Each structure stands twice: as structure tokens, then as C-alpha cells.
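Two complexes come next, and they have one chain in common, chain A, joined by chain B in the first and chain C in the second.
And now, the complex of A and B:
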């Protein structure tokens, strides 16, 4: 029972992460892969504040999310100057740089990780209460992103993603939108990180590396980029699938690489067979198709 | 010389390629200026410099009395500059009406705080903008396409939507990049009429076009560009009588 509840907590965390990543990457078309670093910033800041300054855990969680939000400038400012592939590289640099700092500082626990983080709640039904909390937060995250991307603001986001230059030439300020999307998305990732830290009481730097970026990207792509429910479906699927194969009783030497193979195979399969993802519509509904259409469109235009 | 837009000693080069060589130009209110010249003359680059897609190396651009050459693109658009593109540049995953709504001078939907706190004024604005968009779509003859996806229209129809979209902001200056490409038949007359009406409403209009008979029909003054330089200015007939210019246009030798 405890195992199932723990998996559910992980599902909730991943739903928040994938949904917020989708806001930046799917809807905003902002090719940053540094999302896990804001997850890390939330986890570490909240954990450290609670450990060293004895700040009450609920407050430190909010502060962790807030710090992640503020530090999102680290990616949103480069995104004003570079886009596409270049932003991928700039964001990787930002992610690895901060990770390197965490890995080498004494007070963050260095490579060994940060331990003895005070937990949010205790008692016999601690996990159940936490699952309910995380379900509420995850639902709010999905609804918040859904609200942001609909209506007048959503129209502006879509137009910016389709053609930023044409968007700016019509008098729209792409800079503001990028900063807002990164701040909200990163703040949500920070919140997920803080919740994680105060449930498991332990975080290590290696949880927030490129592998996590790839896992989140897979969730968004498989579920359907730029769709409301896609990341949720992707997060549930890709959190439970690796857990499920552990029941097959395969030896560790096969099991470990198998998980990587599953992720890669899924991404390649979806790229070819269903670029709009599981939840993507047939037209105009976002997904990778919307991206690749944008990319093809830009390439054609630039060639002329 | 007053002018809605004044371009003074504008210079821009990419490495050895000079796209604007000390260009001096002025677009007056109510005037339609035709900009012609062979491919690579710097016509579209001039539009890109004025609208802010590329920054100039030197010189100044004055829009309605404001010096704008260092301002970002969206800022210039809000002061009063609208342009269209050679390739229609529709927002391809959006409907025609959504393409139009994005183009209003002020767009309150750009601020989440406004949407949250002043829902009513944002709604009222959208209502107003939708009505305005419908009038414009009517004028370019595409009102029945408002709910179609922009990318699914023909090239010529997209050109007309592009023109209508540029008119949403009531800009003082309109830069139209090949508005006639792909446009045929009745739509040709429609576009001529719309451009004339906009000039009569007091806007300064500059049109880049390869279709010389269209430029003859519509422009009050024609400017000939070559290798980033403004070589001549006058009526189309004056320019076409100059054999040196027609040689340049049709691929003659560079005059030394």
C-alpha cells in the first residue's frame, strides 16, 4: 500500500512538472530543456531554508517555488536573444552550471545529496494525506495552464509561437510573454521540487540532470505537446511504465538499460507515427505537429 | 520636409553586401509611393530597417516625429507603423479572425493581470476589435472566411488577409511588400481600392511591387532602388523612359 501511495506521489510530481514544462515548451515554443533545474532549485532552497533557518515547511515550500520563479530569468533572458537550437544549448549550459555548483557546495550536501529534510506532515496516514495534497496541487497546475493558454492570452502565445517576427511587427511584446511563461512554468517546477523534498526528505543532484530533462520531454511529446491533458497522460504513463516492468522479475543488468530503451523507443515511435501525441487533435490542436509545421514554415520562409 | 516617415542617411551592410547605401526618403501623409528595382536592390531590406527587423549601421528613421531607429519592432508598430510581408506570414495554427485580433494597436489580452482583474474591459475590447476586423475582412472580400484556418486559404487570399491584418492598427504608415503577388481577377481591383482608400484617409503608403502596371496605376511617386541606393524618383513613365534604369531592371551592366 505504501508503495502504491509513493508511486502516486511521483505521478503527481511528474504531472506538475510535465504540465509546467508544456507551458514553456509546448505552448510557448521556447526550446529550453533546463526545466529540471527549477525543480532542483525548489527542492534545495526549500529544504535548506527549513533545515538551517527553521522556517516552517509550508512557508519554505512557497519560498522555494518563489525562488525558482525569480531564477527563471536565467533562462528567460537568454531566450530573448536566442531561440530554437541555440536556446537548447544555452539552457543546457544553465542547467549543468547550477547542477555543478550544487554538486560541489558543502552546505547542499554535494554529490551525496541533501539529507534530513523535515517532512511536511507526519502521522500514520502521512502518505495518503500527501497524495491528496499533491492531487489537488496537480489539478490546480493543469487548470492554471489551461486557463493561461485559452482566450486572449492564449491567442497571443500561439501567435508568438507561430511567427515571433510577424507577432512583434504587429505591435505585440514577445519579451513580456516569454518572461511570464518562464516564470510561471519554473515556479510550478520549483513547487514540485519543494513538495518532493519534504515528502522523501532526501534529494541528490543526479535527480535533476539531463536524463530528467529527457524524461519530461518524453512525457510532453508522448502525451501531446501544446495540449491541456497531454502532459498529464504522458506523466501517468511514463511514471507507471518503468515501475510496472520492475514486476517482470528481470535481472538488473537488463532492467536498467531497458528503461532507457523504453523512453527512446517511445519518442522515436511518436515522432513518426503520431507527432501530435496521444491527446493531440488532428489539426491546429498543438502537439509536435504544430512545432514541426512552424519549423518547416520558418525554414521555407528563410530559404526565400 | 515633414513626412510621416523620414529616413535619413540610412546605411546597412552585411559584410561586403550593402543593402542600404545612405538612403534618404520621406513618405508623406496621403501619398502612395511605389518602390521598384531588380531583385536584391534592397527594397525589402529597407522595409526591414524601417520596421525594425534589422538594426541600421548608421542614419536615422523618424516616425511621426519620434526617432525610432533604436526602438524594438513592437514599439515602432505601436507608434504607428504597419507592414505586410512578401510571404504572407499568417499565424498558421490560428483562424483568420484570430490573426486579425492579434493585430490591434492595443491588445489588452497581452496581460494576464488585466485578463484576471479587468475581465469586462478585455471582453468589451475583443468585441470592438472583432467588429472592426469584420469590416476590414468585408473590404478585402473575405468576410466569409473568418473562421477558416489562415493557412488553408489560397496564397492570394492570404495576401489579402495580410493586408487587412496590417490595417487593424490604424497605423500612420503602411509598408506593403508585394501585395499583388498571387492576387488575380477581381481581387486585384479590390486591393487597389483598399490601398487608395487608406491613402485618402491620410496614411502614408509605400508599396514594393514587381508588377509595373500596378505601380503605374496606384502610385503618386515611384522610387527606383538598385544595390541599396535610391537612383531615381518620379513617375513610372519618367523612370521607364530612362534606358539606363530599364537596363538595370532587366539585368544590364552596372553603370560605372
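And now, the complex of A and C:
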């Protein structure tokens, strides 16, 4: 039972992460892969505040999310100058740079990780209570993103994603939208990180590297980029699938790389066979097709 | 009105516009011509602050045009229609117009439909599914939603069939005569554009080599030698 509850906690955390990543990457079209670093910032800051300053855990969780939100300027400001492939490179640099710092600071636990993080709740029903809490937070995250992308503001986000130059030519400020998307998305990732830290009581730098970026990208692509429910479906599927294959009883030497093979295969399959993802609809209804429609549109116009 | 003083624009080491000084009244119809690479599109972008590395001064109605602040500059009363990528393909026609008109009152949506009745018929269609000419109409309508005193258009007839070219240029003439909105066109289609504009400017190597009446340019026997 404890194992199932732990998997449910991981699902909830991945739903928050994938949903917030979808806000930035799917809806905003902002090609930043540094999302896991805000997950790390939330986890480490919240854990360190609780350990060293004895700040109550609920408050430290909120502070961890807030710090991640503020530090999102580290990615949103470069995005004002660069986009596309260049933003991918800038975001990887930001992610690896911060991870390098965490890896080499003594008070963060360095490569060994941060241990003895106070847990949020204790008692015989600890995991069950935490599952209920994380389910509420994950539901709020999905509903919040759904609310943001509806209505006039959502259409402005779509227009900015379609074409920034045309958007600016109408007197609309793309910079403000980018900053808001990064701040909200990163704050949500920080919240997920803080919740993780205060459930498992232990975090290590290797949890927040490029592999986690790839895993989150897979969740968004498989579920459906720029759809409300796609990241939720992707997160549930790609959190339970690796757990399920552990029951196959394969040797560790096969199990370890198998997860990477599954993620890669799924991304390639969905890119070719169903670019709108599991939850994407027809053209313009979400998924990578909507995500890349402006690029295809530009290519068609240029060719005419 | 526009006042341009000693404008120079660069892309790295390349000087695209070289020490250009000009002035335009609002309400006028001006064509900017030149061969590929002559600097005409860069010059147009400078008028709205779309080029970062510039020197010299550009003023509109007494307010300076700030480089790299297109979203602020257009609110001075400048409508800008980029050459391509000028509509939002994932949004319907009506949603495109709402995005453009978010800073003006909704009555202007009806004015846009009155000017381009086809857009009313297509208001629920995705902009990306429209033809090139229809998209160009929508792009002009989007720019008009910001209630500009002057419209800057970068090759509005590029890639369009001759019949559609005539229709788009006719719409622009109507906008000028009915709304009093000035037009500055950058065009490759010189002969068609000369029917619409009253003043012609020819750029070569980033410098002005002709600035005068459009009929004067049309009458030149060595017209094509200017390009």
C-alpha cells in the first residue's frame, strides 16, 4: 500500500511539473528546457530554509516556490533577446550552471544530496494525507493553467507564439507575456520541488538534470502540447509505465537503460504518428501541430 | 508627421540604410522602391523601431521612435504590416481582430468589417486557412484596428496573383481616401504601386537616389536603370 501511495505522490508531482512546463513550452512556444532547475530550486531552497532557519515547513514550501518564481528571470530575460534553438542553448546553460553550483556547495550537500529535510506531515496516515494534498495541488495547477489560457489572455499567448513580430506590430508587449509565463510555470515547478523534498526528505542534484528535462518533454508531447489535459495524461502514463516494467523482473543492466529507450521511442512515435498527442484534437486544437503551425505557415507563405 | 534625420541602420558590419534624411506628412501616399538589398524594408522597419542597431533620429508627431520598442512606437499612431507572418494562423479571423483591437473600442471591429466585407463572412475561419490575398486583407485590417494615422506596409502584394494585387492596392487607396490614413508602401511591383502613391522614393545601397513625384518616376525613360 505504501508503494502505491508513493507512486501516486510521484504522479501528482509530475502532473504539476508537466502542466507548468506545458504552459511555457506548449502554450507559450518558449523553447526552454531548464524547467527541472526550478523544480530543484524549490526543493533545495525549501529544504535549506526548514533545516537551517527552522522555518515552518508549510511556509518554507511557499518560500521555495516564490524563490523559483523570482529566479525564473534567469531564463525569461534571455528569452527577450533569443528564441528557438538559441533559447534551448541558453536554458541548458542556465540549468547546467545552477546544477554545477548545487553540486559544489557544501551546505547543499554537494553531489551527495541534501538529507534530513523535515517532512510536511507525520503519523500513520502520512502518505495518504500527502496524496490527498498533492492531488488537490495538482488539480489546482491544471485548472489554473486552463484558466490562464482561456479567454483574451490565452488568445494573446497564442498570437505571441504564432508570431512575435506581428504581435508587437499591434502594440502588444510580448515581453510581459513571456515574463508572466515563465514566472507562473517556474513557481509551480518550485512548488512541486518543495513538496517532493518535504515528502521524501532527501534530494540529490542528479534528479534535476537533462534526463528530467527529457522526461517532462515526453510527458507533454505524448499527452498533447498546448492542451489542458494532455500533460496530466502524459504524466500519469509516463510515471506508471517505468514502475510497471519493474514487475517484469528484468536484470538491472537492462532495466536502467530501458526507461530511456521507452521515452525516446514514445517521442519519436508521437512526432510522426500523432503529433497532436493523446489529448490533442484537430488542427489548431493543440499538440505539436498547433505548436508548430506558425512555422509551417511561415514556410508556406515564404514559398508562395 | 515623420521626421527622419541622418538615419543609419546596421546588421553587424553591414550598413543597410546609410545616412538618410526625409520627412513625410500624415495622410500622404508614398512608395519606397529599390532592388533586393537596397535597404527599403530596413528603412520601413526603422520608422517603427524594428531595427535595434541604428543611429540618427526618427520622430513621429514630435515623439521619438525608440529602437526595439515596436509595441510602444505603434501606439503613437503608426500601423505596421510586416511582409510575411502578419496574421495569427491558429486564431480565427474574429479572434485576430480582437487581439489587434484590444486597445481600442469594439466599434472599430464593425468598421473593419465594413471596409473588408469578406472578413465578416470568414470571421469564424482560421486565418491560416485563408488565401494569400485574404490574409493580406486581414493583415491590413489588423493594423487598422490600432487606429493609425499612417500605415507602413512591407510588400503587401508579394506573392499575390495580379487580380488580387489590384484588389489589395484598391483597398489601400480606399483606406487613404475614406479614413485619411497615410500610406507608406515598400514594393517590388513598381508599376502597380505607382498607380496608388503620389510620392516615390528609390533607394540604392541604403541611400536615396530618387525622391519626387510618382508620375515623374513613371515618366523616366530609364526607369528600370534606377533599380
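General observations
The criterion applied here is as follows: the second predicted complex is superposed on the first by the 297 of 304 C-alpha atoms of A that agree within 3 Å, B and C clash if a C-alpha of one lies under 4 Å from a C-alpha of the other, contacts with A are read in each partner's own complex, and residues count from 1 in each chain.
By our rule, contacts are C-beta pairs under 8 Å (C-beta built on N, C-alpha and C of every residue); 3 or more make two chains touch, one makes a residue touch a chain.
Source: prediction; values computed, not measured.
Of the two partner chains placed around the shared chain by superposition, chain B and chain C are both touched by A:168. Residue contacts after overlaying the shared chain place A:180 against chain B, while chain C stays out of touching range. When the two complexes are overlaid on their common chain A, residue A:151 makes contact with chain B while staying clear of chain C.
In the superposition on chain A, contact of A:159 is made with both chain B and chain C. Common to the chain B and chain C contact sets on chain A are residues 152, 155-156, 158-159, 162-163, 165-174, 283-284, 290, 293-294, 297, 301, 304. Those residues of chain C that touch chain A in the complex are listed here as 48, 50, 70-72, 74-75, 79-82, 84-91, 95-96, 98-100, 102-103, 126, 128, 132, 135, 139, 142-143, 145-146, 159.
Against chain B, in their complex, chain A makes its touches with residues 148, 151-153, 155-156, 158-159, 162-163, 165-177, 180, 283-284, 286, 290, 293-294, 297, 300-301, 304.
Touching chain A in their complex are the following residues of chain B: 51-53, 72-74, 77-78, 82-83, 85-87, 89, 91-94, 98-99, 101-105, 107-112, 115, 122, 126, 149, 165, 168-169. Residue ranges of chain A in contact with chain C, taken from their complex: 152, 155-156, 158-159, 161-163, 165-174, 283-284, 290, 293-294, 297-298, 301-302, 304.
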